[in-house]
Amino acid sequence: MKTTNKELSPVQQLLEKKYNSGFLNRSEKIIPAVLFLMAAVSVLTTLGIVLTLIFETITFFGDVSIVEFFTAKEWYPFSGTDPVYGIWPLVLGTLKITIIASLFAIPIGLAVALYLSEYASARTRKIMKPILEVLAGVPTIVYGFFALTFITPVLRGIFPSLEMFNAISPGIVVGIMIIPTIVSLSEDALSSVPESVRQGALALGSTKWETASKVIFPAALSGILASIVLGVSRAIGETMIVSIAAGSTPSASLDLTTSLQTMTSYIVQVTTGDAGFGTTIYYSIYSVGFTLFIFTLLMNILAQFISKRFREEY
Amino acid sequence: MALTAVNTTKNNQSVQNEELFVYNTKNLNLWYGEHHALKNINLGIKEREVTAIIGPSGCGKSTYIKTLNRMIDLVPGVKTTGQIEYRDRDIFSKDFLVEELRTRVGMVFQKPNPFPKSIYENIAFGLKIHGIKNKQIITETVEKSLRGAALWDEVKDRIHEPAYGLSGGQQQRLCIARCLALEPDVILMDEPTSALDPVSTLKVEELIQELKEKYSIIIVTHNMQQAARISDKTAFFLNGEVVEFNSTDTIFNNPADSRTDDYISGRFG
Amino acid sequence: MENTARVKSEEMVSRIDGRLAKNKVVKGIFLTATIFTSIILIVLLYRIISQGAPYLTWDFFQNFASRRPEQAGIKAAVIGTLWMMSVVIPTAAILGVGTAIYLEEYAKKNKLTRWIQMNISNLAGVPSVVFGLLGLTIFVRVFGFGNSILAAGFTMALLVLPVVIVAAQEAIRAVPKELKEASFGLGATKWQTIYRVVLPYAIPGIATGSILAFSRAIGETAPLIVVGIPTFVAFLPSGYLDSFTALPMQIYNWTSRPQVDFHNLAAAGIIILLAVLILMNSVAVWIRNRYQAR
Amino acid sequence: GNNNADNGAGGNGEEGQDAQLQGQISIDGSSTVYPIAEAVAEEFMLEQPDVKVTVGLSGTGGGFEKFIAGETQMSNASRPIKDEEVQGLKDAGVDYTELQLAYDGLSVVVNKENDWVDQLTVDELKKLWLDNGKTKKWSDIREGWPAEEIKFYSPGTDSGTFDYFDEVILDGGQIDKSATLSEDDNVLVQGVTGDKNSIGYFGYAYYLENKDNLKVVPIVNGEGKAVTPDAETIKSGEYEPLSRPLYTYVSNSAVKEDEAVKAYTQFTLENAAALAEDVGYVALPEEEYTKQLETIEGLK
Amino acid sequence: MALTAVNTTKNNQSVQNEELFVYNTKNLNLWYGEHHALKNINLGIKEREVTAIIGPSGCGKSTYIKTLNRMIDLVPGVKTTGQIEYRDRDIFSKDFLVEELRTRVGMVFQKPNPFPKSIYENIAFGLKIHGIKNKQIITETVEKSLRGAALWDEVKDRIHEPAYGLSGGQQQRLCIARCLALEPDVILMDEPTSALDPVSTLKVEELIQELKEKYSIIIVTHNMQQAARISDKTAFFLNGEVVEFNSTDTIFNNPADSRTDDYISGRFG
């Protein structure tokens, strides 16, 4: 047979040429650097955000004492006589909405994700997922009016003591809004658990639920947590639904049936409103934005911690 | 030796001389969509025997064994006709829950598929889902199963570490151990030793010999020697059909069908 | 011992009914949740469609905004949104997938990487208004793009970037290592392996996640308001530095007008917006099916 | 702005029809003024299709921010410019002219089922809306009214509407802290419609659109006459003190240097009256526009 | 037979009686983190021979073979000391690009790992990444490689269908074909036949015999018979060490170390 190196097949000839011509093209070296620069963009974005927020926040704290900001229990920046800037009511408003939305969306979102990935037929899944993804893009103003003109009246029919603007209705609708995010990303995480693992569990006589809850779910946990964090972050950051359906009354009361204001809706109120440029009120949005930023930061640190603890490799 | 194994069948069954089938397959046909993968299979599998299924790649061995515990249900677009009885119960009937079937019939797969959990949890899983919560029983069973799969000595110091840190062979033995933990009636094995080294293989083969005292075992294997060594009966599959099913002795030494002979002696192609 | 084993097995089998019941109940709950969600969404859609559908006339597509509801159209907003997305999608996709590849395939698992990672998932949670403030400062002012398509597009791209990155990372991580080994084993370079094996396998996942993100970009209002995107634009852009308006801006404005007719126009606008989303999703589904590996 | 018009500035109120102008005009600011601005831009572009006018709605403050930064030539405002903004413009070296475009009559409304409120005086309004730290019942305001808790609906504290109400009714005092505030007047309409014991106020146009579902309250003016807001009473000034002017601010240098801006500003003043009424506001008396037009002419 | 194979080495090399090593491993040590997986390995692997590596599960066979083409680089936290020379070039040196090494040294893995592409594309892959675009060459090579892996007849009608539709055995043969397409100098095989049926195994074994005329082959196997049948040299690994390395004849018939004997005869445990 062809045993000497002289008789090379066409493939070998071509390869030999390649070895001699230097194997690596320069792109192998450049690409990591280019990719690193791309990764740097998101770091620069954070840096940009922090810088944008911090200068104006400092200006704001020139006018308002930082102690008042964190300890005062009222937020009445527009009061002509004695404005009070205590962030607590806005934080509380955000918390109310976020908690209600999470309580509503996380169980339902995960239930739907589990249904789609573990129970539903491939066809149902194929139909449902794109629909949910479309709904994730519905502008939030639409959800806002949905809350105000549909959910609120329905709820008021059941609980007459509920006010026109309250925490529950927008909370639920924010929940509805983030369900597609949670479902879609969780379902991805669940269905990327290898089929062989699923079979291993089923072959031991476990039901679908046991397979899903004891094997698949834990295996997909880090992806699921990521979807929840993203969903909850969107709830925290949601603006329009809250502006429309929750009113804009900063309130330090724990009552869920009355009007409230969140950090985001305050920012939008001021950016779209008529407050004077350069006034304390104007700068206050940066301080609120900064608080909001810290808020999401803390939540993410928590989520990272949780996800690190529960990550399972497969 | 194969025949003595049959004779060791315990006499807790009333009629001893009647053929006692754990599995009885009657006119089974199976299609993957258009592809006719199993053709008119008839096989009676006896209790407390080791039945080997041999045949060339793609002949339908895995398909058949997956049908026995209805794992095949997971493949969309599969159609079956005919009947399979497990201890006289139609496995396709509504009354017979797949979960029960699969608890009674353990399965070891071709590719190792441990759960992304610790070694311990992998084995405890089956017990836990079946409602066994007693920690002591679980821990004992974990050890017993790991010993049974000839894995205990290698992993005893790290049973709480992730199973994915094990080598391929170790993972497969873990899967066997996992299945043993439920002490099933029948164990289906799809080339369980193809990822094991001879030493472990030997251990598992010994184990199989031991297990058949209590369990019925159906094993798919490519290893002719293995089939000859451990099985009482052998079925030779070809193109989705059972060419020959007989005692292992007969199949290997005196096959009725020339194709069997060809395959066994390696002339087949 | 043999006996205990048998008893155990029978005991297990005897519990199956209960477990199955549980499975059924859970399945029922899940199904209910799915149906419930679907119903809510159907109600939402029904309300929009029944309100807006009658206003979807040819004129509606052909006309610019107007103070007279019957003459008002959505042309500028639709075209503007398309222009903006033509900036957002490539920018976010390239940066997002690039970053994900860097993090998953090239970056050493050190503090810096973890910090970048942390920073990305945190960015995903930063409210869109804040991105608006960033866009205003950086793109409108510092880069001097003004309230152009480029400024808004880049702002939106940054807004959705973290989601794209995370989705791409998950998808890349899900690529079996056996495949990478196979490619390396054939002498493929790292980049060839990434480009020819990892990416094709990951594209369905990337597409799914990114579509979610891009959908968000289409529907976001707040950052556009802050960046200062005008609402009344009665001409079509001819370049990326032109002024433009976008669907959510127009919808937002119409919903806040006193006249009911405008509210109905807003609903019609939302239908258009959903149609754009469906179009984008179809592309994603197409990609997913085309590259579907499993 | 390079344009070629030489006779675009006809002082007689007729546009220079034969001059085709070119250029770009950016307008931003209050969302309250937006409908008027949109209408003007729409009409203007019919005559001068090569002038690309854009109108945004970043809010009065946001509009001024851009105006100060020189990004817009015109800034709409639903309140007079504030000191900080004046200072900002000064620092940026932007000279400006304030123009009034129309009136908005703030309409005080109650629920349709409210059969007791027939009219309100300014004092009563003040008593109603000023915070006294307690919950208020209708009976606290006037004898004979039901002893039911009042629900207040007010535009957000950051709006020009609120600012104006706060100034003329509350003298800058604190609005009742139980008041439900919302940025969107449509949302307030929903609130008042849904609550029997509610009272609210918002722009005239929103009342006009929803008059079948709401009951408007006549307000007793300085002359002691209870006046219902409508086009006539607002325009004539009879409906006071709750009618307020809407503004736009234009950059003097833009008017001077850019024929298109100048033409546009004149067009605005010439057509504001008709267009404002088209979109639900009330025109100023004719002479107000003429006066302002002269001011613009004077910017040479 | 083993010795004749050595003698077939062509004399295009100047010194004929000098030992001609394609791979020369000197004092190789390897750690997975703390775990010392390879201990002081010394092995000289001759050109155009089949070298078998045998040993119990977890002894480091896969680790060693993965080190030879530096696939081990992909495992984070691996540390090596010592030297491996491939045709007198230090494979760990900066000058020797892993890509070149891996092109010259093909590899077939333990688990079949076809790409999620068509059969054709699987094989064309290697050619394409190396810049070979000529369609005719590619198509010819695809067929040649598939024939070489004894797969052509089974798949010739569907080479543009997804490789995932093949059975496990077929998939593994596809992976062998894929590797053959690049006509490497050395082929590393990590239990290449453990997923194949005897018929295919036989074919592959024949193929290996044929290939060694042109290529040097290093094969990890659990199948003692296989090692005996096809290899010229055999290395017996145990706990990360080379216990014995010698001609296959010697290893199987006259091992120097008692542990080798124990393992081969199945007494080892």
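Labels A, B, C, D and E are assigned to the chains in the order they are written; within every chain, residues are numbered from 1.
The definition used in the following text is that contacts are C-beta pairs under 8 Å (C-beta built on N, C-alpha and C of every residue); 3 or more make two chains touch, one makes a residue touch a chain.
Please read all numbers here as calculations on a predicted model, not as lab measurements.
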Legend entry - Pair of chains joined by the greatest number of C-beta pairs in contact: A-C
Inset, instruction - Report, in whole Å, the distance between the mean C-alpha point of subunit A and the mean C-alpha point of subunit E. - result: 49
Legend entry - Chain centre separation (subunit C, subunit D; CA means) in Å: 38
Legend entry - Distance between the centres, which are taken as Cα means, of subunit D and subunit B, whole angstrom: 83
Legend entry - For subunit A, residues contacting two or more additional chains: 24, 205, 207, 210, 268, 271-272
Legend entry - Residues within subunit B bordering two or more other chains: 99-100, 103-104, 111, 129-130, 182
Inset, instruction - Specify, in ascending order, the residues of subunit C that touch 2 or more different other chains. - result: 12, 16, 19-20, 189, 225-226, 255
Legend entry - Inter-chain touch pairs (all): A-B, A-C, A-D, A-E, B-C, B-E, C-D, C-E
Legend entry - Contact set on subunit B toward subunit E in their complex: 55-58, 62, 110-111, 154, 167-170, 191, 194-203, 222-225, 263, 266, 268-269
Inset, instruction - Could you please specify the touching residues of subunit A with respect to subunit B in the complex? - result: 121-122, 193-207, 210, 214-215, 218-219, 312-314
Inset, instruction - Could you please specify the touching residues of subunit E with respect to subunit A in the complex? - result: 10, 12, 97, 99-100, 103, 127, 130-132, 134, 137, 141, 181-183, 213-214
Inset, instruction - Over in the complex, which subunit C residues touch subunit A? Could you list them? - result: 12, 16, 19-20, 22-23, 26-27, 29-31, 33-34, 36-38, 40-41, 43-44, 47-48, 94-95, 98-99, 101-103, 106-107, 116, 118-134, 137-138, 158, 161-163, 165-167, 170, 174, 189-191, 205, 208-209, 211-212, 214-216, 218-222, 225-226, 247-248, 251-252, 255, 270, 273-274, 277-278, 281-282, 284-285
Legend entry - Touching residues on subunit E, where the partner in the complex is subunit C: 69, 71, 74, 76, 98-104, 106-107, 109, 111, 113-117, 125-126, 128-130, 164, 175, 178-179, 182
